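Below are two complexes that have chain A in common, paired first with chain B and then with chain C.
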Partner chain A sequence: MIAALALVAGIVLGLVFRPTVPNGLEPYLPIAVVAALDAVFGGVRARLDGIFDSKVFVVSFVSNVVVAALVVFLGDKLGVGGQLSTAVVVVLGIRIFGNAAAIRRHVFHA
Partner chain B sequence: MSHEKPTGEQPGGKLAGLRGRHLRASALIGVLVLLLGFAIAIQVRTNSSGDALSNASETDLISILDDQDSRADRLRQQIAALQTTEQQLQASGSRDTVALQQAQQQAQALGVLLGTLPATGPGISMTITDPKHALKAADLLDVVEELRGAGAEAIQFGPIRVSTSSAFTDSTAGVQLDGQVVAPPYTVLAIGDGQTLQTAMEIPGGVAATARAAGGNADVQTQPTVDIGVVRSVPNPRYAKPAGR
Partner chain C sequence: MTGTDTTRGEVGADPTSPSSVALLVDLVTNTLDPGYAAASERKRAAAPAGRFSGHTDRLAVAIGCLLIGFVLVVGYVHEHRSAPAAAKVDTALIGRVRVAESAGASLADSVQQLSNKIDNLRAQSIGGSGPLNQDIQRDELLAGNTAVQGPGVEVQLADPAAPTPTQANARAGTTPIGAVQVLTDRDVSSVVNQLWADGAEAISVNGVRLTPTSAIRFAGEAVLVDFEPITSPYLIRAIGNADQLDTGFAASEVASRYQTLAAADGITFRFDEQKLLRLPASAPFTPLYARVPTATTTAGVAGTTAGPSPATSVPASVPAPEPTQSSASPTPDTGGTR
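So, the complex of A and B:
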């Protein structure tokens, strides 16, 4: 409940303040967002499974974001930034879909 | 199993330390998710703000740059071609203008000579009296011939502009010029070199002498400005056509 409210509040804040992304962070923000979404979906699934742990969620959230950004950063340095970004998005996308499927089974029993 | 989880979290609140830890964790999660929402909003806005180039990869940018370069090249070539066309058109336009001016000047000169345009200039005015009506068409034709011979460029005989097709004929009603009866005294206006024209009229055995022999007189006066306002209609050749140059 708090998380959902915080998400909405964050979106509203982002829309209200209209900050510009620093140039250095620009390539990492979308990947970080996707990674964080993966963590959030995982958290929701864990909660529905009854195995939710705040510590696990916080750690997985932060590490997901950091690792994703790190991978993209490394890819940029190696000259394969675009491909690595795609790889990260694909992997995280698959995970998000898996988690979403689990959540769906819990909510709709189907 | 899924119905258990809200209660599954509750037991943590039994101890004060655990409850504090739970609150802190909730706050941390809230902050993280708030940041996530914030980032999503920023990213969505950045992406939809239209500056697609800032998100494009290096290779994409290079290909876009190549596209733009080749497009600019094509446009430059088009510009050069169009400029060439423009210069050609301007050149031909000025040629056309010159040709048109020449044609207009020619038309005006021909109009003066042909009697289709009013004319003005130095010349003579002449009054030929013929109380006995003794002057025949041939004599009056001599007047015009003499004037032409002396370089008259425009001639008005009585109320009629004399042209290339003008003809004097004798009839029972008198002398006709272009089918119109002309009666003495005859007033003749001619544009040309006044002195030459006057000399030509008064040459021995010429127009003045003929008039005097017929019992009349010819009074020639040079004028600095003679206005010939009478015009003829433009002749419309029925048979002759301009031959190709």
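So, the complex of A and C:
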């Protein structure tokens, strides 16, 4: 409940302030978005599995964003930024799909 | 990573050894962050002691969800802001073009009004029905300086309809020009030339009256007629002996070429006789360098194959004491068509 409220509050904040993303941070935006989606699906699945932990939820989200951004930043410096950001998106995408499947099994028992 | 792994597998160990695929299997099967499992293990081991209090718990979740919602919205806003910005610039540019066009049109209107006034004043001063005024009127008509009406033919040329852009290349300007813009200035001018050759006395292209000094050319993606950009469909109206124009044009190479093109490329091409066409006047043209020669023996040379009808300048019709501007421009001799 509080999670849903906070999510809505975050959305409203973003819509109200409409922050401009600095040019330097632009390449990391898609990674942050995918990491956020991954955190949401992971959290829901953990809740359904009965092993949800708030600390893990927050820390995993923040650290995923930071690590993914670092990896891509390093890749940018070494000339493989595009490929590495693809790799990050693929890995997190697979996790999102796996978690979505687990949530489906929990909800529909199918 | 896969490249080195597979080669190593083929050379050394069993290619299906768990170590080479373990990573991928782990990636696909253990989709949940391992932190959750570890945390629940810890909780089970040291039951009440390791737990956050309820408040911290909720606060952490709230902060996390707030961050997530914020990031998602920032991503959404960022993605959708750039497209409207481009569209905004587009509409701003289009608006400026429209304003400039209407300003040009109103200026042309006022030029037309002023020149009508001049005509009236001149007619008053030299006598409305005198031979001088008739000469001037005829010259102006041939020079395209007065609006005219009469029977003739109407030719329509249009580019094929633009294919609807697919979602993949939906951004403006990604449809290849070659696929849509088949017709160029050459097509317009070849039709115009054919109509002159068939005996047209006055021609307009998309409402722009052609004069002896008109040019039809291509700039970027637009056809310019007397520096006025026009776009497809091109509507070419020619006044003359309608039957003669129609049959002459129908039998011409130009017509058969565009009939072929219409079948092959999907352009629109049709022409038909009209009982009454009204062509606008062109803005009066003031020659800056051309002068009526003082010696009366000069005969204009005008050979044309496809341009405006043979122009034999008629020195006799030039009134010596009053060199009007229109008499300086060549007067097309429309001989047989009258």
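Observations on the structure shown:
In the analysis below, the second predicted complex is superposed on the first by the 110 of 110 C-alpha atoms of A that agree within 3 Å, B and C clash if a C-alpha of one lies under 4 Å from a C-alpha of the other, contacts with A are read in each partner's own complex, and residues count from 1 in each chain.
Definition applied: contacts are C-beta pairs under 8 Å (C-beta built on N, C-alpha and C of every residue); 3 or more make two chains touch, one makes a residue touch a chain.
For clarity, every value in this text was computed on a predicted model and none was experimentally measured.
Using the contact criterion defined above for the overlaid structures, shared-chain residue A:14 touches chain B and also reaches chain C. Within the superposed three-chain model, A:89 lies out of touch with both chain B and chain C [touch as defined at top]. Applying the stated contact rule after C-alpha superposition, one finds that A:42 touches chain C and leaves chain B untouched. After overlaying the two complexes on the shared chain, residue contacts for A:67 are found with neither chain B nor chain C. In the superposed model, more residues of chain A are touched by C than by the other of chain B and chain C.
By the touch criterion defined above, A:81 reaches chain B but does not reach chain C.
Shared contact residues of chain A, touching chain B in one structure and chain C in the other: 2-3, 5-11, 13-15, 18-19, 21, 26, 29-30, 32-33, 36-37, 40, 43, 49-50, 52, 54-55, 57-58, 61-62. Taken in their complex, chain C has these residues touching chain A: 27-29, 31-33, 35-40, 43, 52, 56-58, 60-78, 81. Those residues of chain A that touch chain B in the shared complex are 2-3, 5-15, 18-21, 26, 29-30, 32-33, 36-37, 40, 43, 47-50, 52, 54-55, 57-58, 61-62, 81-82, 106. Put simply, chain A touches chain C in their complex at residues 2-11, 13-15, 18-19, 21, 26, 29-30, 32-33, 35-37, 39-40, 42-43, 45-46, 49-62, 65, 91, 94-99, 101-102. By the touch criterion stated above, chain B contacts chain A in their complex at residues 1-2, 4-5, 8-9, 22, 25-26, 28-43, 45-47, 54-55, 57, 59.
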